[in-house]
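Look for chain A in each of the two complexes below; its partner is chain B in the first and chain C in the second.
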Partner chain A sequence: MATLKLINAGKTYPNGFEALSNINLDVKDGEFTVLVGPSGCGKSTLLRMVAGLEEVTTGDIMIGDRIVNNLDPASRKIAMVFQNYALYPHMTVYNNMAYGLKNLGTPKEEIRERVNYAAKLLGIEEYLPRRPRQLSGGQRQRVAMGRAIVRKPDIFLFDEPLSNLDAKLRSQMRIEIRKLQRELAVTAMYVTHDQVEAMTMADTIVVLSDGHIEQIGTPKQIYHHPNSTFVAEFIGSPPMNLLKATHTGNGTISLPGDNKITVDRKDLADGELLLGIRPEDIEIAAKKSAKTLGVDIELVEELGAGNILHTKLGTSPIVISPRTGFDTEKQQLEIKLPDAKLHFFASGDGKRL
Partner chain B sequence: MRTKRVTFRHPWLPYLLVLPQLIITVVFFIWPASQALYQSVLQQDPFGLKVTFVGMDNFIELFHDPLYLASFKTTVIFASATAFLSLSLALLLAVVADSVVKGKGFYQGVMIWPYAVAPAVAGVLWWFMFNPTVGIMAYVIDQTGYKWNHFLNGTDAMILITISAAWKQISYNFLFFLAGLQAIPKSLIEAAAIDAAGPIKRFWTIIFPLLSPTTFFLLVVNIVFAFFETFAIVHATTAGGPGQDTTILVYKVWRDAFEALDLGGSAAQSVILMIIVIAMTVIQFRYIERKVEY
Partner chain C sequence: MAGSNRLLTILAHAILIIGVIVVLFPIWVAFVASTHPGETFLSGELSLWPGNQMIENYSLILGKGMKIASAPPLWVMLLNSLIMAMGIAIGKIFISLLSAFAIVYFNFRFRMTAFWMIFITLMLPVEVRILPTYEVTANLGLLNSYPGLILPLIASATATFLFRQVFMTIPDELTEASRIDGAGPIKFFFDILMPLSRTNIAALFVILFIYGWNQYLWPLLITTEDRYATIVMGIKRMVEVADSIPQWHMVMATAILALIPPLFVVISMQKLFVRGLTETEK
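What follows is the complex of A and B.
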């Protein structure tokens, strides 16, 4: 159990490519932090730097009160679960889990105890004498977790551990990992490109883009107050609608298709901006009024529990996932954009206004 | 693994397609092999004038011949030494090549060259280097106080043919080992590093066991090579001498047939060699199919 601190950490490869720059992050003891971002954003590199598999070129990484920049992976008291599980194929499940402890010279009796404890915790006791290739994906995943648990690490590192599983197993393992981490109260850092995993598992989400941190926050903060259009579009499915709009003064905003709305935001500067609204925040109005906007329905996606409507406001596409029922026969719909649910972003750099 | 079933429209087409291979096999393998089998139960006088059927006499005589048994022992020593030397050096080089960052392609390319050298040329090359009068290696060894002379010393001669043969096989083994190393997922090595295994421990507990299918395959290939394909090396370096000290089985087959003109005895020897190679192939296929894949 320990805190994890990254201070101005950065990574530049020998060929000059800057993978990460100025990463500042403070992970509290027992916290579950999820690094999320599109592929190539540097999230895995960051995790591997914490693990000691990649060198830190600038800044410091601290685990507890130790600076670990120059420590090898083994002495950092971390354990890592790899995307492909990285189980040793020639060893039994038992030996896979015991390998690290053996290398540390742990007494045999204690090894057995710890492996059995972890196996019981994960429900893989009966697989202990088997080899990894005799196990299913989910079971392998558990063994990989078990291997991490037996070492009693200060920090758990997960590198997209669920991406090789099918959808059903993934959501199941998601919950299991989260429960387990709470039970063991170990600090965890988890890398994923899946925003659903990030939202459901994290205490703190770190959104990365192009080697820098876009935003750090709880899932709620990230979802409801995205700092930029990047975060707004990345988190949430379907993603947030972003409309090109112009502020013409006094909170009057003109939208595509000669529509206008008035918002209570006197602080906005005049000129172009981006108006964001989440698909589920859009309300469907029963009647046309001065406060509603007319949209044309282009396509309806049936999800069973609800629908996703692909519509157009003027020429701009808007996606709506209505909370209330609506008349499916209609070609047109009147919608309302609630003031409190609107987000404004600068049209240039996409920062929140 | 699922094999794809291919169906041909004309029933004779598949046979036609394998025909060239069949012809080669029959002409260059089945036919001479059956000739050897036939010869091995005959006795022929050196001038080829009289042929007698003698049954198993040739074989019985062989196993009572101390020279043949000595040759057997020589071959076993030679084959295991060659296999061990070439495998261990190739593995070492492959591990180094795998970790080289700069000039990888060049290094790996150069490593392949010895394989392109004909066995006889390789033999002569080493023969020159170890030549007691003019050889550079012999000179170096002389400096240490040891008088190297493979013309007189049986052990020296054995070392010489072992080095020559192993050197030729290193390239081949290197390629397989390198491919084997590259097939090991990097994350396994990283997981082991996190599991507190140092580089040497990682090698012996993770990498080496994972390479075992490759190692076993190469072991058989190398033994087969040492048993059967080293005639040219022996002929070009020691010619089986001094005395009988480097007369390995294949060399003895040739010498007994074409110098001693004992065709029946030589044929019997080649039949025994044939049985050995068949046995090794069977072991290899059995073992590789069953155990080695993870």
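What follows is the complex of A and C.
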């Protein structure tokens, strides 16, 4: 149990590649932080720096009130769960979990107690004498978790621990990991590129892009107030619609296809901008009026519980996931963009306006 | 389909059986010869069935040896061969495990240079460097000694190279997990690397044991005293006795006995050996 702090942390690999720069992050005790971002943005690098597997080239990492930059992984009181589990193939499940404690010189009796406790917690008691080879993916995953738990770490580190599991098991393990982390009240840092995992598990989401932090916030903040088009498009499925628009003054926005709407945003500067709206925030209107926009339906994706409509406003594609039913026979649809659900971004750097 | 498959099976087995016969027949003849009195072999009418002299022949050769061939008792030569072969196999494996460990897991200056220098010595087997090696061994006063028999043959580029490849197939995450688990380099080597290379070590042990057992030129050069003679040298000496007819029954008995230790090593390690050569999953 401890806090984790990154102060201006950066990483330049020996080949000169700057993978991370200027990372400032404050993780509270017992908090579950999820790092998300597209492939190659530096999530694993950041996690491995906290673990002590990669050197910190600039800045500091603090666990509790110790600066750990130069500590080796074993003395940082962290535990890590790897994507491919990284269980020792030649050791039994019991020994896999006990190995770290043995190296610390923990008494045998205590090792047994802790391993049995963790095994019970995870429901893997009957596999203790087996080798990892004789376990399914989900069971291996649990063993990897067990190996982390027995060490009673200050911080849990997870690097995409669920990405090798099938969808059903993944959603089950997601809940289990979260429950376990609450129960043990251990600070956790979790890397994923799956935004559903990020949204459902996190206390705090850190969105990374190209080696820098794009936004830090609770899942709600990230979802409802994305700081940039990058975050807006990355979180949410289907992603947020972004329309090229022009502010012509007084809150009047002209949209593709000669459409116009008026919004209550007098602060916007005149000129080009991007208007964002989430597919589920778009309302379908019963009949045409001055406040509605006409769109052409191009494709309907049937999801069972609902639909996803791929439509066009003028020449710009708009995706809608309607909350209400609609007439599937129609080729055209009248939609309404609720004022409160609109997001505006600068057309240049994509920052929120 | 089924018919042709069956034909294929029969054909395959027939070929295999013929192969086995071709290999085993000379050994059988050697065994038969070793159980007859010496004259039988020379008369050219060797039967294909064992004679009644087995116990006499074997106990003579094992206990007393052949005086005229100035060969020491066979058990001495067997023991010498065993010590040499074991020494070479274990020494080679130990040294190459360590050097592969250094090359793969440690970042030091001239690491790749070291690797390539080791690799280049592949081109210099014992026979090529035999004169300088002899010189060095003699200067160190190792003629007629077990270290003299073993040490010069220990350095092994092949084994180093093989272990390097094996270590490189071990996932990095495993190394990292063990670092987090607090295993230092020595612990990592013994707790993780060695067990994971177990089958490769076994396979290499078999190959190297036989390599050591079959050494001829080097022991011939380096030993002049009978008590350091190895079995392979012994056979050769028995065949080339001056002014006398070779005692073929004794030679054959020696050959049969010389086969047993390598055979034992192969059989006892067969399972690991095969896995070591074929297994890819780590």
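Basically, the second predicted complex is superposed on the first by the 353 of 353 C-alpha atoms of A that agree within 3 Å, B and C clash if a C-alpha of one lies under 4 Å from a C-alpha of the other, contacts with A are read in each partner's own complex, and residues count from 1 in each chain.
Just so it is clear, a contact is a pair of C-beta atoms (placed from the backbone, for glycine too) under 8 Å apart; a residue touches a chain by one contact, two chains touch by 3 or more.
Values in this document were obtained by computation on a predicted structure and should not be read as measured data.
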| item | value |
| --- | --- |
| Chain C versus chain B on the shared chain A, clash or fit after superposition | clash |
| First, second, both or neither for A:Ala79, with chain B first and chain C second | both |
| Partner chain(s) touched by A:Ala346 [first = chain B, second = chain C, both, neither] | neither |
| First, second, both or neither for A:Leu71, with chain B first and chain C second | neither |
| Touched partner set for A:Ile216, first chain B, second chain C, both or neither | neither |
| Touched partner set for A:Pro89, first chain B, second chain C, both or neither | both |
| Touching both chain B and chain C, residues of chain A | 51-53, 72-74, 78-80, 82-84, 86-90, 99-100, 103-104, 147 |
| Of chain C, residues touching chain A in the complex | 171, 173-174, 176-183, 187, 191-192, 195-196, 198, 282 |
| Interfacial residue positions of chain B with respect to chain A in the complex | 185, 187-188, 190-197, 201, 205-206, 209-210, 212, 294 |
| Chain A - residues contacting chain B, complex | 51-53, 72-74, 78-80, 82-84, 86-90, 99-100, 103-104, 131, 133, 147, 151 |
| Touch list for chain A against partner chain C, complex | 51-53, 72-74, 78-80, 82-84, 86-90, 99-100, 103-104, 147 |
